[in-house]
Structures are given as structure tokens and as C-alpha cells.
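Take a look at the structures below.
Shared between the two complexes below is chain A, which has chain B as its partner in the first and chain C in the second.
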Partner chain A sequence: MMAVASARRRLASLAGPQPVGLALIAPYAVYVAAVFAYPFGFAVWMSFHDYFFAAPGARVDRPFVGVGNYVAALTDPAVRRAFLNVGVFLLINVPLTVVLAMGLAVALNRAIHARTFLRVAFYVPYVTASVAVVGVWLFLFSEGGLVNRLLGPLAPEPSWLVNEALAMPLIAVFVAWKQLGFFILLYLAGLQNVPRELYEAAAVDGATRWRRFRSVTVPALRPATLLVVVLATITGANLFTEPYLLTGGGGPNGASASPVLLMYQRGIEQGLPGMAAAIGVLLVIMVIALSWLSRRLLEVR
Partner chain B sequence: MRRLILLGMGALAFLFPFYYMFIGSLQAEPDTSMAGLVPSPGKLTLENYREINEEVNLATSLLNSGIFTGAVVACTVVFGVLAGYALARLRFRGRGTMFAILLLVQVVPFQLLLIPLYVLIVRGYGLADSHLGMVLPFAINSTAVFVFRQFFLQLPKELFDAAHIDGAGELRLLWSVALPLVRPALLTAVLLTFIGPWNEFLWPFLITKQADMQPLAVSLANYISNVAARAANPYGAVLAGACVLAAPVIGLFIAFQRHFVSTNIGTGVKG
Partner chain C sequence: MKKYAALLLLIAGTTAACGVDGGAQDTAPSARGPIKIWLSNNKEEVAWGTAMAEAWNKAHADQKITVEEIPAGKTSEEVISAAITAGNAPCLVFNTAPAAVPQFQKQGGLVPLSDFADGASYIEARTGQAATQYKSPDGKYYQLPWKSNPVMIFYNKEVFKKAGIDSENPPLSTYEEFLATSRKLVSSGAAEAAIYPAPSGEFFQSWFDFYPLFAAETDGKQLVEGGKAQFDSPEGHRVAAFWKTLYDEKLAPKEKYNGDAFADGKAAMSIVGPWAVAVYGEKIDWGVAPLPTSTGKPAASVKTFSDAKNVAMYSACRNRATAWDVLKFATSKEQDGALLEATGQMPLRQNLPATYGDYFAKNPDYVTFADQAARTVEVPNVPNSITIWQTFRDAYSSAVIFGTTPPAEAFKAARDKIDALARQA
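And then the complex of A and B:
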């Protein structure tokens, strides 16, 4: 009896008062270790080594090359172009997403009629596979597609998806359209936390509706905006399906190539995983830097 | 009223591509003029569905999508509930660290892990063209674990104290007290988890080369990028495939749309 009690105490001091928790979380912990932590470390390691594909089980030497892969990535014009493209993408996509999602969430929050229909309408693109909606956009924005037919003489030449200046902006608009429903939900959740008294006080002070929106709603939604900006940035950095399918592999002339597309082309198609891993690390550094920047700009002080 | 009209017009703009997708999938010949928006019934045909089925074998692709998605949902529900419950209700060493990791995992871009996962799973374990290899990186949806935790956290503490006094063990408590109370959360998490693998393109695209192992998103994408150029009515067939890919998710979403409401997601976000 004494022995059992002391063993239990020792277990408690080692594993905490409810050690069964460790058993319950173990599968998830193993999963994270195998699918996130280890590959994460592996990616960083790989980016500093001359990694190449070899037959399974073969023991080969993969020499340390320092920042060689990073130099190779940064001096590759296609990679630089891809990072520039993602910059263009974010400059269009993030402001568009924030403005539309916030505006629509505020309007939806006040709407009484047809709420269900409206919510479903805005959310449907988000739940649908990119591959499926890309099919329609290809059709809509093709050379002789509906959009060009409607524009008539105003249709861009060359057409949208094969136009170097328009391909990336169109992808940015596509992704904003596709993801908007999710960001509207984030803003709707944020709006539930805005104290009603603030609006009443502002109304008493005679503030116009626009003034109330600017001085009460927008500041109160700052935490939500920060989240939207960071998540939209991460989504943008992960861009792959759209340039791969919508513009036929990042065309024209790499004008819509994304870093992830380059990771696929260099790493897997051309067998340079070290360089691809370096692109991945650079991409993550970019995302972290942008998140930090938006936090500095948007954090409530 | 003006706001409602604006919202309604916005909603129609959002829904229009889906309408166009459906109409386009039924047209014998692509009609990009305004007249194509309201096709005459006489011109409608299921020919495009037959054609896409010939090209990508819809049944096999749907089966692969189903296996991929089903396995991810099953793993997420079983292991995710256990993890979420432990994080919300049990005090053990390392809980804080695990929770921090759970949050961190959600912001790690999957793409950074792409190359190492490819090297490990395809080259190391030889799991290319297998369902196991497809499922592994997605097996437990971290967002769902987070949603589970938030819901278990909201249950009143007294409930658990009472059951503890009655001498119920932790697993029994989870099974017969906590789980029945969080059933709506379970459904939300299942729906959220379902969308991911069903729509996922990049990973299954990387690891499947055999057509009979590809989920529908991959086989349709391959059709778009390779075959479409030489088909008679490529857009019709592409749109028919897109409808087949989109229909299950949209159907589920409309059927269970109230489970996607802002409060559920909101609890997930507020932390």
C-alpha cells in the first residue's frame, strides 16, 4: 500500500497530477514530431547540404555546402521573379481581402433578411476545391471567354491569363474571391466583441454612420484584421495550384510563377531538393518578417 | 434596404461562377456569348460527363478521394478528440508546451515541409502511389484539435468534479460525459476536416503518378493541364469534372451550413 502510494507520488511529480493525459496526447505528439518537427529540421539541414536523390537504402555522402543553396536560389532569376510575383500578389490580395471582408462582414452583421443565403453564397467558394473553380475561371477568362465578350473592344490584348502584366493580379483577385468567406467569418466573430455602448455613445455625439464605422468599428476590429492579414499572407506564400493550373505553370514567361511552384520545379522536377529547401526557408523567413511587420503596424498599443 | 440589395448583388457575383460551371458542364458546345447564360433546354446534354468519365475514370478517382478524406477524418476524430480532451481537462507535464506546439503547427506553411516530406515518404519509405503516403501528412488536423480543446474547455467544471467523486476514470468521463455534450463541435470539426483532404491538390499530386491512385482533384488537374488541348469540347468536360469534384462538398456545406456559423469558428479563433 505504502509502496503503491509512493510510486504514484513519484509518477505525479514526473508526469503531473493526471499522467493519463500524456497517454491521450501521445498519438498527436508522435504525429507532430514525425510530420512537422522532424521534416522541419530536415528542411533546414537539407538547405545547407548538397542533397540529391539516391536509390532507397543507398549510403551516399551529402556534403555540407554552407549557404551555397541559398546563393543558388537567390541568383536564379526565376526564383527572384517568383518572390517578386508573390510581392505583387500580396500587395493586391491582402488589401482587397481586408477591405472586402470587413465591409461585407459589417453589412452581413446588420442584415436581418436572407442571412443564411448570404452566408452560404460568400462561403461556397472557400469550401470548394481550387481545382474545380480554376476550371470555371479558365473558361471565363479565356481568349474568347465570357469576360472578354462582355468587355468587347476593351478586352485586354493579350488576354488575361497570357498577359504578363495581368496574370498575377488576376490570380490575386481569384484567391481573394475564393478565401473571402473564411475571412468574413473571422470578422463576424470579431464584431461580436465590439461593445454596443461605443456605438450608442458615438450616436449620441452625433457621429455619422461612416464616422462610426471609422472610429468605432475599424479600431475594434484590429485584432481580427491582424489575424486576417497574417493568414492571408500565409495563404499567399503557399500559392501553388493557381499558377500551376490557371496560367499553365506560372506563365507567361514566369510572370505568375510562385516560390512554391519553383520549389516543385527545382526540387522535384529537376532533382535539386537542397535548393528547393533553401527557397522554402527563405519563404518562411519572409512570412515571419511580414507577420511581425503587420503586428507592429496593427497591434493595439 | 440598399444594403440588402448590395449584399444580394455581391452574393450573386460570388455564386455566378458556380452557376456558369453547372450550365457549362451541360452544354454540347461552349457558348461564351451572353446567350450561353440561359441555354435553351434542347441544347443540354450529359455528353461532357461521359467524356470526362472516359478520360479520368470518375469512380476510381472519387473512391481515392473518399479513402483519403475518410482516413483523415477518422484519424482526426479519434486522436484529435483524445488530444483536445487532454489539453483542455487534464493536468500533466508538458501540457503547456504541447498547446504552444499546437498553435505553432497551424502557422507553419505546409510548403516548407513539402520537399523533406516528399524525400521521406516517397524516397525513404517508398510510399509513393499509396493511400498511406497520401494520408500521413494530414492524418490529424491541428485546427480540429484546437476546436475540440475549446469545446471541452467550455464544459462546466462541476460536471467533471461530480463524475470524479463518483469514481469515474478519465476515459470513461470522456466517453460518457464529455463527448455527448460536444457532439455539435464534433460535427463542425468533421466538416472542417473534410474540406482539407477532399480539396487538397499539391500533396497527392506529388506522390501519385499512377492514374488509378489519384484522387479526383489530381486527375482533373492532370486532365486540365495535359489532355484538355486535344478534346472536342475541353471546357465542357473540365466543367463536368469540376461539378463532380465540387458537388459533395457544396452539398455537405449547404446541408450543415449552420454548423459553420461564426460562433463556432469564433470560439476557435478567440483562443
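And then the complex of A and C:
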């Protein structure tokens, strides 16, 4: 009797006071398990084995190699270069995104004329396929492109996309521009939550426009900024299309290769998914660390 | 913290469940019935393949062929590799890249053709001595050498005339001549670039700049032979120095061109196979020349890269006896002739010019290529083939195209890495 009762109690405590809730979260839990947890767990498993994709039924040997893949990844100069590249990318892309998106959102919030037009104009690059937008930027930034023609003798030598010092910064600017529309939207939503009274009170205290922006708007947008920083970091860390298309496979000379591009090369093209998975796990750790850092620095306590 | 613990538990659980393979499937090599084949999405090849399948289907109502184009992807190899893993690859793919064969083989995705009673003998009788380049390290054939696109120098006669260069017999046979001609082409303003190979970093790009010239300079050495990299040699360094001069003097651009630089008149020359005749034939007044060598070898002895595409049978195929029969049917003298007629690509068959004498009499444009097809070099059939090519490409980009590492140093480092890669089975 006692055992049955205690088992029931344990079950009840596991299901919580609202057992129906379990059923309600089940679809999402299943989704997360199937689309995120399982593949991620599989990737972690792969990263500790000499793994490769094989035909069903093929008898293959995929021995456990411990941290072999991690050692191989970390001692590969191309991989180290790619992590450095993505660091450069984030250093330029994230602050640029925050400043531009916040500035434009504030301006857009005040604008009376052509507000819809401007909103759409900022949003269009975000919803346009990367491949198409890359085509436009190639037209702008190639050696004989529009930008170099406008710059004339000031054009960089070698040109933007084949210049080891400029390729990655250019990609960072490209991505910031492309995603701006989305981040402006996040800030616009944040701006709707700033109480008007704060501005009025500041105005009564004689604060200038700039002072009001700094002392009211920026602090009030902190939660939105945190979201923008974390999202921009995550999308930035997943950089692939731009180095693949804009700079012809991470060129020049690997100066714009990203970890995800290397994962594609190693895992899909070269048949080394174990090493690719190790790079992926390292990338996940890096993103988690950066997100944690952003939270520590930006979260309102 | 509890949240994370639960997540970790979930991951650990799924991790433990991975790594279990299904049971071995036993498909009868003697089974017959309907089969599926994939073709490349080249328009002319699709037309040929569809006609070939129709001809077969008419005579074999119980063993029909279904033809599909390789599904779209970044590269065909990626799509095929994914299909192998998923177990839904077709019986035959008429577009199997020799460089990808070692990997497909390692994946357990290919049926050794040598296991058919007449497998090796059929391949060797059709292709002759050149067939041995396609043998895998275990001595078996996992691919049938199908057709090649021996690459040569294609040039735009009008541009050459504009630059004041003899357009019938342009001086292109030694490196000196080739470079002098290139300088003239660019300095006269006749073309922006003398030649414009893709300067991007994909592993296969070396097949259209370094490798053909390396084959010519070495009289037919492969990138890797006997498990050793061959390019860190005086010949390899001569080829690298030649290209480096073209890049340094801006005769070849370092930035990728979006489009076809030769068709657009941006580049005066291009390294292409016979497919180019059909593509540029009408639009450009073209000429064809053998690849340059440092000493200007006679045209009849210059070797080149084959750019071959082969046919392989995939292990997901059930009706393998039918597939093997179809493979022989599709590479018969008659079907090879139809392929040549439709695409201008060279069947990997002995005595090509003699076998299809009528065709070459009618289409003299292709004779040079047919002659060159007898002297081709394939990519090495070695483990880690793609990684080897990527390693080489990275070194070449850095040393030759962008000039950031001295070639001697870059090639030495790549050689050490590639020697180690070729050793791993």
C-alpha cells in the first residue's frame, strides 16, 4: 500500500500541479528533441569518432578517437584562421548592427513622411535571397565595379574582394546592411515600450535631444540591445553564404573563410564529418560563451 | 541549472543511441527488373540519355530504365554522396567524377564492376591501356571510364588579330612565347585578360590551370603517384612560376569573374575541352592550340588533363544484372557514337578517330580534340582525394595567385601533408 502511494506521489510530483501542461508542451518538446537535441547529440558523438557517411547496410569501421578530431581541428592553421576571421567579423558586424539599427529605428520612429516606404526599404534586403543580393554587391565591389570607379585613384589595391585585409570587413558590412531591417524592427518594438513621461520629465529638466537619447532611450532599449547582440552573434557565427559566394570560397587565400564554410568543405566535400562536427562543437561553445558574456554585460539587473 | 542538466541528459541519451548500423542488405547481383539512372543536367547529355533509354526500353519491356537528372545541389558529388547515405541512390549515374570515386567507395556506395564476370575485360577492351588509371587501389574497377573532355587552349582569333598576332599559328607553344603573346594581348588593349582561369579556392579549380600544364610538362605525371605527391619537382615549380608570372603581370586577373570571361570577350584565351566547340562555335571565331610547355614540345606529344566523367553502379541498386547490361548497352560503339554526335565529348574508347571516321570527316573542328583524347592524364585514384586537391589548391592560391607564400615553401608544406593523406587508407 505504502509503495503504491509513494509511487503515485512521485508521479504526481513529476507531472506537477497541472498534468495537462505536459501534454501541451509535448509537441514543442518533441520538436526540440528531433530538430535540435538529437542532431546536436549526434554531432557531439560524431566529433569523438572517425566518422563518415556510409550507405545503409555497409559494414564500416568508425572507431572512437577521443579528442583526435579536436586536436586535428585546433592544429589546422585554416581552422584557426577561420575562427580569427569570424572574430574580426563579429567585432565589426555586431557594434555596427547595434549602432545603425538603433539610430535608424529612433529616426524611423520620429519620421512622419514616407514612414512605410522607409520601413519597407530597410526590410527588403533582409527578405531578399542572399544569392541575389550578393550579385548586386559583386557588381558594386568587384575590381571594375561601381565603387572602384567612383573612387578612381583611391580604389584599394588589390581590390576589395581579393584584398586580405578588406575582404572580411566588407563581408561584415554587407551582413550588417542585409540584416538591418530585422534588427530595426526589434528596436522599433522596444521603442514602443519606452514611457513618454520619461521624455517629458527629461525635457522639463532641460535635457537636450542628445541627452534624452543617451539617458532615456539607450537605457530603456537595453533588453532589445541584448537580444540584438545575441542574435547578431549567433547569425554571424553561422556565416556561410557570403564567403562562399562573394569571395569565391573564403578567398582571398582563406582570409574570409568562416568556420561553417570549413565545416562544409571538410564534412560534406572531403568526407570528414568527424572533424567538421568538432569544428561545429567548438563554434557552439564559442557562441554560448559570447552570449553569456553579452548577458553579463547588458542585462538589466 | 536543472534545465541544463535535463538538456545534457537528453543529449547523452541520444548520443548513446547513435552509431548503430542497420543489417547488411543482400542484393542479388543476378537480379533483373526496372532500374533508375541519373544524368547530368547538361542539355545535350539529357537528350542523348533519354534517347538511349528509349532504345533500351523498346527491347526490354520488363526491365525499363527511368531517367532522371541529378537533383540540384551545390555540386553533383554532394547530392550523390547524400543519396548513398540515404540508401536511395539510383543504379547508375552517368556523371560520376573520378575524384569522388575513392570517397563513394569508402562510403560503401559503389558496386565493384570487376565482380561481374566480364566486368574488367569489357572495360579494358573498350578503353584500352588508359583504363588502368581508373582502377582503385584494391585492383578493382568501381567506375567505367565513360567520356573525356581533354582540355586545350582555346583562343579568340579576332582578339588575336586586333593585337597584331598571327591568328592561324599563334606563338603559344613555349612559356616564353605564351607570355610574350599574353603581354601583347593585354598591352595592345585587345583584351583585358590574356587568360582567365577561375582564381577561386574550390578544390577542383586546379584541374583547369595548374594540372593540365603539369601533365604536359611532365609527360603525363599525376598529382600523386605511388603514394607520393609529384608536384614539388622542377617541372611543378616551372608550371607554378609560369602561372605566377601571368598573375603578377596582371595578364590573368585574381578576382573571380561572374560569367564567362571568354564568351564576353574579356579574356583572349581559355582552357577548355571539346564541349566548348558547341558552346562558342557560332559566337566566336575560335582557334585551338595545344598546352604550352617550357621547351615547346611538339603538339603530337603534349599530354593534358582528361576532365573525364564516368559511370558507376551504386550499391542501393537491386537489379544489378540489368544495370550492368544497360551500362554495356549505353557504352556500345553505337551509343558512344550517338553521344559524340550529340555532345562532341569524347567517349573513352580506343582508336577514337578511326572508329568514328565519318563523324570526324564531317566535323573537322573536333579532330584536334579527338587526337588529344589519346593523351590524357586522370586525377589520381587515391584515398582522401578531395582533401588532397583542396590542400593543393590552398597552397597554389597562396603561392601562385596571391603570392603571399614563396612557392618553394608552400609546395613543400603541401607535399608533406599530401604524402601523409595518401598513406591513410
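Odds and ends about this structure:
Definition applied: the second predicted complex is superposed on the first by the 267 of 301 C-alpha atoms of A that agree within 3 Å, B and C clash if a C-alpha of one lies under 4 Å from a C-alpha of the other, contacts with A are read in each partner's own complex, and residues count from 1 in each chain.
We adopt the following convention: a residue touches a chain if its C-beta (ideal position, glycine included) is under 8 Å from a C-beta of that chain, and two chains touch if they have at least 3 such contacts.
Nothing here was measured: the structure is a model prediction, and the numbers come from that model.
In this superposed model built on chain A, chain B and chain C take up the same space, so to speak, and clash. In the superposed model, A:133 makes contact with chain B only, not with chain C. Residue contacts after overlaying the shared chain place A:62 against chain C, while chain B stays out of touching range.
In the superposition on chain A, contact is made by A:250 with chain C only, not with chain B. Of the two partner chains placed by superposition, only chain C is touched by A:270; chain B is not. Within the superposed three-chain model, A:117 lies in touch with chain B and out of touch with chain C [touch as defined at top].
Judged by the touch definition given at the top, the superposed model places A:292 against neither chain B nor chain C. In the superposed model, A:49 lies in contact with chain C only, and not with chain B.
Put chain B and chain C next to each other and count what each touches on chain A; the higher total goes to B.
Looking at the shared chain after the overlay, A:17 reaches chain B, while chain C stays out of its contact range. Contacts of A:185 after superposition on the shared chain: chain B is touched, whereas chain C is not. Shared contact residues of chain A with chain B and chain C: 38, 40, 42, 46, 53-54, 56, 135, 138, 142, 248-249, 268.
Considering their complex, residues 33, 37-38, 40-42, 44-46, 49, 52-60, 62, 78, 135, 138, 142-143, 158-159, 161-162, 164, 248-254, 265-266, 268-272 of chain A touch chain C. Listed in rising order, the residues of chain C touching chain A in the complex are 7, 10-15, 18-19, 21-25, 75, 77-78, 81-82, 84-87, 89, 103, 106-109, 198-203, 253-256, 258, 315-316, 384, 386-387, 390, 394, 397-398, 401-402, 404. By the touch criterion given at the top, residues 14-22, 24-25, 27-29, 31-32, 34-36, 38-40, 42-43, 46, 51, 53-54, 56, 104, 107-108, 110-111, 113-114, 116-125, 127-140, 142, 144-146, 149-150, 177, 180-181, 185-186, 188-189, 192-193, 227, 230, 234, 237-238, 240-241, 244-245, 248-249, 260, 263-264, 267-268, 273, 276-277, 280-281, 283-284, 287, 291 of chain A touch chain B in their complex. Looking at the complex, you find that chain B touches chain A at residues 3-4, 6-8, 10-12, 14-15, 17-18, 20-21, 24, 30, 32-34, 36-37, 79-80, 82-83, 85-87, 90-95, 98, 101, 105, 107-120, 123-124, 126, 136-137, 139-140, 142, 145, 169-171, 195, 198-199, 201-202, 206, 217, 220-221, 224-225, 235, 238-239, 241-243, 245-246, 249-250, 253-254, 257-258, 260-263, 265-266, 269-270.
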